[in-house]
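One chain, chain A, appears in both complexes that follow, with chain B as partner in the first and chain C in the second.
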Partner chain A sequence: MSLLRYLKRYSSEIILASFLVPALVLLLIFQLIPTIWTIWFSFTDMALIGKKLIHPSFIGLKNYVDMLNDSIFWQSMKVTFEYCLASLVLRFILGLLAALYLTSKMFRGKTILAAIFLLPYIIPGAIHPYVWISMLDTRYGTLNRILLFFGLTPQSWVYKRAMESVVMINSWAGYALAMLILSSAITSIPKEFYEVADIYGASRWQKFSKITLPLIKYPVILSLVLIFKEDIDDFTYVYMFTEGGPHYRTELLSLYAYHKAFAYFELGYGCAVGVIIAIIVFVLTLAQLKLGGV
Partner chain B sequence: MSDVLKKISEPTLRVVGYVVLVVMCMYILTPLLWLLLTAFDPEGGPYLKLPKSITLDNFVMLFIGKPIKGRAGAAHPFYMNVWLKNSFFIASVVLVIIIITASMAAYALSRLDFTGKSLLMTFILLIGFMPSMAKILPLFKLCLMFGFIDNLFGVAVVIASSLLPTQIWILKGFFDSIPRELEEQAWVCGCGYLSTLMRVVLPVAGPGIAVIALLSFLGAWGSFTIPLILIRSEDLYPVSLGIASVFIHNPGEIGLAVDYGPLCALSIVYALPSLAIYYLTRKYLMQIKVGKMEVR
Partner chain C sequence: MSLTAREKVLLACLIIVIIVLGGVAYYFATFKPKPEVIELTLYTKAGLWADFIRKTGVLESFEDRMYREKGLIVRVKIITAPHKGYRERVVTDFAAGAAGDVVWLGESEIPGLVEAGMLLDLTPYVEKWEDWGKFYEVGKKLGSYKGKVYAIPFETAPLVIYYRKDIFKQAGLPVPWQPATWDDVVRAALTIKEKVPDVIPFRGFYDVCLPIYMAGGKIYDTTDGKWIVKSDAILSAFKVYYDVFYSYGITPKEAELEKWDNRKLFQEGKLAILIDGVWCYIEKWGPGMTYEIENREDVVGYAYIPGLGTPGAPNYISVTGTYNWVINAKTKYPELAWELVKELSKPEIIAQWGYETSHIVTRSDAVLGEYAKEPFLKWATTVLEHSIPKPIASGYKKYVNTFKRVIIDYLVAEGKSPEECLSIFVNEAIKELGSDAVKEV
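So, the complex of A and B:
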């Protein structure tokens, strides 16, 4: 009887809560279960070929202990840190700049600008690598020809400056994410705030730092979190361009996990590296959200 | 004093602004220039050059599936139209799934207050954060159980689940900024939760829906890793796998052996629907309106 009364009292809340069900079911089946399996695999010596695929044996923390003594693992940890930091800064600053161009009253041609800014993000990712091959080739690449035109020394982008070129491609392809989130946040700020600021004679910088930035704090943190997640997860550009070379200088952690699992067939070890990446993402995301007070 | 400073700084700022803008546009557009020129060039190569003559042969070749007489190269057949149909099917199923599930979930998360709500939000965010490469083998096993291998609908469901967390978060932000008074009036008039969501909240949240529609369409249309694991037979390839398979069918690695003309034409046709979707939703991308907004 009391259950029935309880149901009646909270019936609207229960209907609303049931709206969560379809999304949660999808997430549980196709995201959580594979994740848990991955954690389980990381404690086994599962291999991609042979009978270890069907009958792996539990080996405890051996994969993780091996990792501590694995110099390539530490190398790729360092590389990943550099890559993510450089991409995060570039993608965020480019995105914020683009968002300001799209929202400021100072510049004309917003429609065309928005279309240009969004082009790399709209074009499907499978095309990006081929487009950039023509750009970064050492002898006939467009970038080196531009450098020569301005009297600068051409660089061996794909080999000697592998990390710089990968970061360049990644920020080219991905800055628009921050731009989308930030520009719609900036447009949603009421105009009255700026009108009041104008009455008091606030400068452009004051308006930006005292009104715009505090009000878009939540979207800023959201875009930082999303950018970081994409960067640490995605290895398409490294994979297509350098295969982690030369000398593991662009071997990102995610690529290392892939190589361990699919090139060396040590699936258990690959899953363990994947778990490490997940832990890094977990900790840094929580820290970012905590700092933002979200 | 500040007036003087303002007078000096305003034109300078404008000039600096335009210089930065031009550099940014060059960074964005130069790589794409090659794609555009090579697609119309009868003898396009991997490097940027002005075509001597302009032709539509590359586009024609894609759809008839065999090389045109008198043209060298293009030894591989293209199943362009089949690939396009597959990609389109996947993207539209993902779009429908995401708009329905994400808007319901985001609405509930925005309007319900319960203990552990922020925990659930964090959980939803983190659940999508497991690196996709580490999930491949478990995902493959799971899809084998569901019969999702070589199944375009299954691929769409898996892609939708991987895009869902981000979309819920973005949409919740939009719903949070819609005043509750709006719905309270709807309830007074006797609307249930679902009809409130459909008739009152969704129309007002138009920009938010448009943003997640664009993002999820782009994610599904361009997705590569998940189809790579789940699709075996060539006539079920989406375009992304198709472009990659052009390179696999060619002898040698990525380089001069590839016939770049049809490839660039394929890439341009592949990019067109994304551009169209952007064109249709662009109004909503940059502007959010609705009376007074509570900005966080």
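So, the complex of A and C:
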């Protein structure tokens, strides 16, 4: 078939595909090429300073092998999973409670409260630590003043409770994601199920555990995967609030990659850590797509 | 003779064509090509730093001078990066080729950028520059690497002891005060701890390695290019920290672990003795500044930092770094960039910056104007006589960060003994720097 005939025959498909070209070009320039570069750098001893900036060498898997023997890398991995699990539980529970509140018939003012619930999620993440710094100050912070008011011991939020502090900030900022997914799932449950349950005299807990939870099983799993995926490469709070301290106790993998690449200028090693994070996120994305039936 | 309509139209067109052609001929006859505008970029910190340059008019005077002397139209554009994270940003921009022609740079990045071929060798330029002889040696050393000059020092800022005169008087301590040894500092702090108990007696050291220098030690050996990770001086330094936090308890551990704001505490009169940089006097506590202290001259005293008083320890000591102007090796206009650096490094500009931010001038002929009249700055310039430059070598940040981590995470947080801390430091430093880059003395 000649080219002209081919073009004529598939003209509508070609026109449709051409609308994708700008987005594909952007994806190529800002996603694919940097990703390939990062993977390539992870196999070199590239640095941002010194001779290795102009003469980097290909070192194969050395960065990855060094990572296996790097105690701080494993500490970061452990800290990251602890952070993700703790945030996951808190974000999910807060999100579920907020979703139940918003979908309940009992309470009023839900529109305004829905907007208030969403506020932390839409405020830029870089602002959150500044809000919380004044709350968590050991001597003058609001939280310790509240604890003192109730006769409890003030805490060293910046040092001894550094991990708890960042988990708290992250959960406060991010519970709205679960709230949005779950409230939309709960709203789609047919009302008739609850009406029948009312006829049979079911309690609120029975309605929740026998009707609501089973029917929102997949949105629950989806929101758990999404929250975990969001938290695994978290960076802002630990960078601005604790800088990974004390003693690497809040050194998340993403922050460790940043420190290696931009504080110690070991770009190759930092990229290798970044690749590990990308693999974890990729696996979670596959799980998310499977759950979504894609 | 009357013209027909057609003839009138033809005549009008002819007149229009003649006018247009005449205009075009006039334009090309008088046309002169626009002169080429050379753009230079100046890369510096945002806020105070960039604002100072704009305020002084130094760029305009440079542009005028280039036009008068060389017939060149030069425009200098300022590129800024935030103060927080400036070091990381400037190095990344150099690597990406996005740094300016003339760059504001701290001394610790000079070795790495030189090795990467990013900085222009200024040795041929300074050799012909009569002003170079007026720069202090400590600044020249900090801007040099392997015998060549790569940076022109603009400011330097040694460390000093500050003390609150009002708290000293309350505790019955003499004012003015100049401790002869470290023991004098400890004695004063203990007196304050007893007599003025709601005040923190002492906070140090700003440069975490200062106690090593106070013991007469060093952290880097220039003869073999190795970092010293075990020595009597380093052990003495750990002992100083242990005494401060545990033996004498003149600094609460929380102040270090929770990073209390020392300058704010000093301003509020809740901290009696502080070792910090000379810039605090004006930049932090000066009129209109963040932590302004009223009647600062009556409230804030200052003194040289004494040595430990042990054999080999200096009488007085300080450590200093510099911020410098460097030229990007990839600049298209190295001669013009050098002219810009010379303009920025004029004594009156350095003196004005020193006065406004209480940094010390880097050249002897810059002790003039308001800078020369300010008693603190005149005194602080003499601190340079006792100051040693920070080591200019790759690995400095790793060494200092490792030392700091051991102090905070093991000594302060866990109360480990100085000997245990020394052993931990040796192991950690070897991991960070490599066993062939370190040595013990």
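Operating definition for what follows: the second predicted complex is superposed on the first by the 243 of 294 C-alpha atoms of A that agree within 3 Å, B and C clash if a C-alpha of one lies under 4 Å from a C-alpha of the other, contacts with A are read in each partner's own complex, and residues count from 1 in each chain.
As a convention for this text, a contact is a pair of C-beta atoms (placed from the backbone, for glycine too) under 8 Å apart; a residue touches a chain by one contact, two chains touch by 3 or more.
From a predicted model like this one, the values you see are computed outputs, not experimental measurements.
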If we overlay the two complexes on their shared chain A, which of chain B and chain C does A:Tyr101 touch? Say first, second, both or neither.
first
Where does A:Tyr264 make contact in the superposed view: on chain B (first), on chain C (second), on both, or on neither?
second
In this superposition, which partner touches a larger number of chain A residues, chain B or chain C?
B
Once the shared chain is lined up, is A:Asp198 touching chain B (first), chain C (second), both, or neither of them?
neither
Set of chain A residues, in rising order, touched by both chain B and chain C:
none
Chain A residues touching chain B in their complex are 12-13, 15-17, 19-20, 22-24, 26-27, 29-35, 37-38, 41, 94, 97-98, 101-103, 106-107, 110-111, 113-127, 129-135, 137, 140-143, 145-146, 172, 180-181, 183-185, 187-190, 201, 203-204, 215-219, 222, 225-226, 229, 232-233, 235-236, 240, 254, 257-258, 261, 267, 270-271, 273-275, 277-278, 281-282, 285-286, 289
Residue numbers on chain A that touch chain C, as the complex places them:
48-51, 53-54, 138, 156, 158-159, 245-247, 262-265
Can you name the residues of chain C that touch chain A in the complex?
88, 91-92, 94-95, 109, 111-113, 115-118, 254, 257-259, 394, 397-398, 405, 408-409, 413
Using the touch definition up top, name the residues of chain B that touch chain A in the complex.
2, 5-6, 9, 13-14, 17-18, 20-21, 24-25, 27-35, 38, 46-48, 97, 100-102, 104-105, 107-109, 111-112, 114, 122, 124-139, 141-142, 157-158, 160-162, 164-166, 168-170, 173, 177, 192-194, 197, 207, 211, 215, 218, 221-222, 224, 239-240, 243-244, 254, 263, 267, 270-271, 274-275, 278, 282, 285-288, 292-293, 295-296
